[in-house]
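Below is the structure I would like to discuss, written out as structure tokens.
First chain written, first letter: the chains are A, B, C and D, and each begins at residue 1.
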Amino acid sequence: MHAQRTQFQPKDPAFAARVRESFGRQKAMHHIGARLRAVGPGWTEVELPHREELTQQKGFLHGGIIGMIADNACGYAACSLMPANASPLTVEYKINILAPGRGDLYVAEGLVLKSGRTLTVTRAEVYAETASGRVHVASMQQTVLTLADTPDTPE
Amino acid sequence: MHAQRTQFQPKDPAFAARVRESFGRQKAMHHIGARLRAVGPGWTEVELPHREELTQQKGFLHGGIIGMIADNACGYAACSLMPANASPLTVEYKINILAPGRGDLYVAEGLVLKSGRTLTVTRAEVYAETASGRVHVASMQQTVLTLADTPDTPE
Amino acid sequence: MHAQRTQFQPKDPAFAARVRESFGRQKAMHHIGARLRAVGPGWTEVELPHREELTQQKGFLHGGIIGMIADNACGYAACSLMPANASPLTVEYKINILAPGRGDLYVAEGLVLKSGRTLTVTRAEVYAETASGRVHVASMQQTVLTLADTPDTPE
Amino acid sequence: MHAQRTQFQPKDPAFAARVRESFGRQKAMHHIGARLRAVGPGWTEVELPHREELTQQKGFLHGGIIGMIADNACGYAACSLMPANASPLTVEYKINILAPGRGDLYVAEGLVLKSGRTLTVTRAEVYAETASGRVHVASMQQTVLTLADTPDTPE
């Protein structure tokens, strides 16, 4: 379905398995209940069901949690285009919160804007979904560093 | 100790109790184990002990968690200068990750740069502390909106 | 041609003339040679022909000049959706430089992501055009404040 | 006077001459009238006298011009710590405009936060000076890439 989402050619044919395996090792994603629901060359979708324990003082999803899933959606979109023996490192990100996080499910869609040898620039949109539709809650722009010849596993 | 950290005059003399009470209602902060350890007029300190369940794929503190505590340190620094009946809303933030999150304890120090009627601009520095010292792991710059006459509680 | 670019309904039917008039009063845009080549509800296009006097130390278009035209493309995209008696104020912006500015003509396309009563969030893409094609040189994400009942003219 | 501003040790003992020479080749800085008034290891000061031709629609200094001098103050602060045969490349920056640019002279002070082998993170504060004092008008956070073994001159 997403085959035509980007024109990027992955350097590592096994990128999807590599990205899923790395995401699976992020204990922080397990802790909040987030899941990588799709990955393609230069894009990802991360989803998070609403949980009371992830809210801020007014009962909405905490902005920091919105940032976490957007950061991950961006970082793994970048990672999907890296060589097999490289490791991604978040340099920085900027996020605008567009609407309060009031949903049953949150979806962060990450997309590569520019894939360079050293740096990759990405974006993510976060949506809050309910039975009545989908609201755009946040937009991120991020920079990722490729660490060449660096395994993406604990030292 | 921090009495001279900023020159700001709080509009609400009971700001510290108000900030602590609002932070206490953030279930997401409880969920990750973060604590507001100090608050003054225009500044805060948020601390987070290291936990295995908050790590990324290489075993360091997840960058999104670093962002969460920095975002909170900034937001409540802004909140400390708001009138009693107002409510803070994060507009946006930008964070640079300066070093991997490898500590026993993380401390996010939030500070107001400019306090306006509608918008407040803040910064935070995040440090990773171990027995051998303190490493600067992240720097944030953030914008917060003051919602006048809006209670900072669930609707 | 651009009629369907966004779904926004302008609050001011005379928005295009108002935006063009305000842009025309920006002496800084005249000084660098930039021109508002198109404006619609929630979007703009700003163009700048290459000039030797706008270059940095390596002979490319200065990154600050790329930022200037992107900032303006964003700000006037926001302004196009404001009421007639309001005035836009740039709160902040973030820009990634994706490629060196090597073109005959630079085009900054601004687009509104979210239009709120107080705050508008926008994006811009900057392209460098030559006879051989178009290169994406920068991406911006910006926040604009609407100053209600404030004329957009010198005090 | 600024000798103790940072604790950084320059890799290139002739950094000040190298930075001044590179700044001097930026035609865009000449075009707006900006000058590098001071440089040390990890910091700079860029000054710009007010000019009618650099204003926006309300007669204040254009926000894009504020961004230009802040970007340069940051970039050359980073450059001061680079090896002699390297070249700086702005990856991205984020700027908050804190107050309108109403001054006789504007000063952008750049400072390195973190100096790494590949990436440098910097900040700048911009002030508007008049006979009656100094107003803080903007704050920037920026990322710079070090291009190793790349002359900082036209190709």
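To be clear about the criterion, a residue touches a chain if its C-beta (ideal position, glycine included) is under 8 Å from a C-beta of that chain, and two chains touch if they have at least 3 such contacts.
Source: prediction; values computed, not measured.
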item: Of A-D and C-D, pair with higher C-beta contact tally; value: C-D
item: Relative to chain B, chain with the most remote C-alpha centre; value: C
item: Distance between the centres, which are taken as Cα means, of chain D and chain A, whole angstrom; value: 33
item: Centre-of-Cα separation between chain C and chain A, whole angstrom; value: 28
item: Computed distance of Cα centres, chain D from chain C, in Å; value: 23
item: For chain D, residues that touch 2 or more chains besides their own; value: 91-92, 94, 96, 121, 143
item: Chain D-facing residues of chain C, complex; value: 22-23, 25-32, 52-59, 62-65, 67-69, 71-72, 75, 87, 89-97, 152-155
item: Residue ranges of chain D touching chain B (in the complex, touch as defined); value: 94, 96, 98-99, 113-114, 121, 123, 136, 139, 141, 143
item: Contact footprint of chain B on chain C as seen in their complex; value: 91-92, 94, 118-119, 121, 143, 145
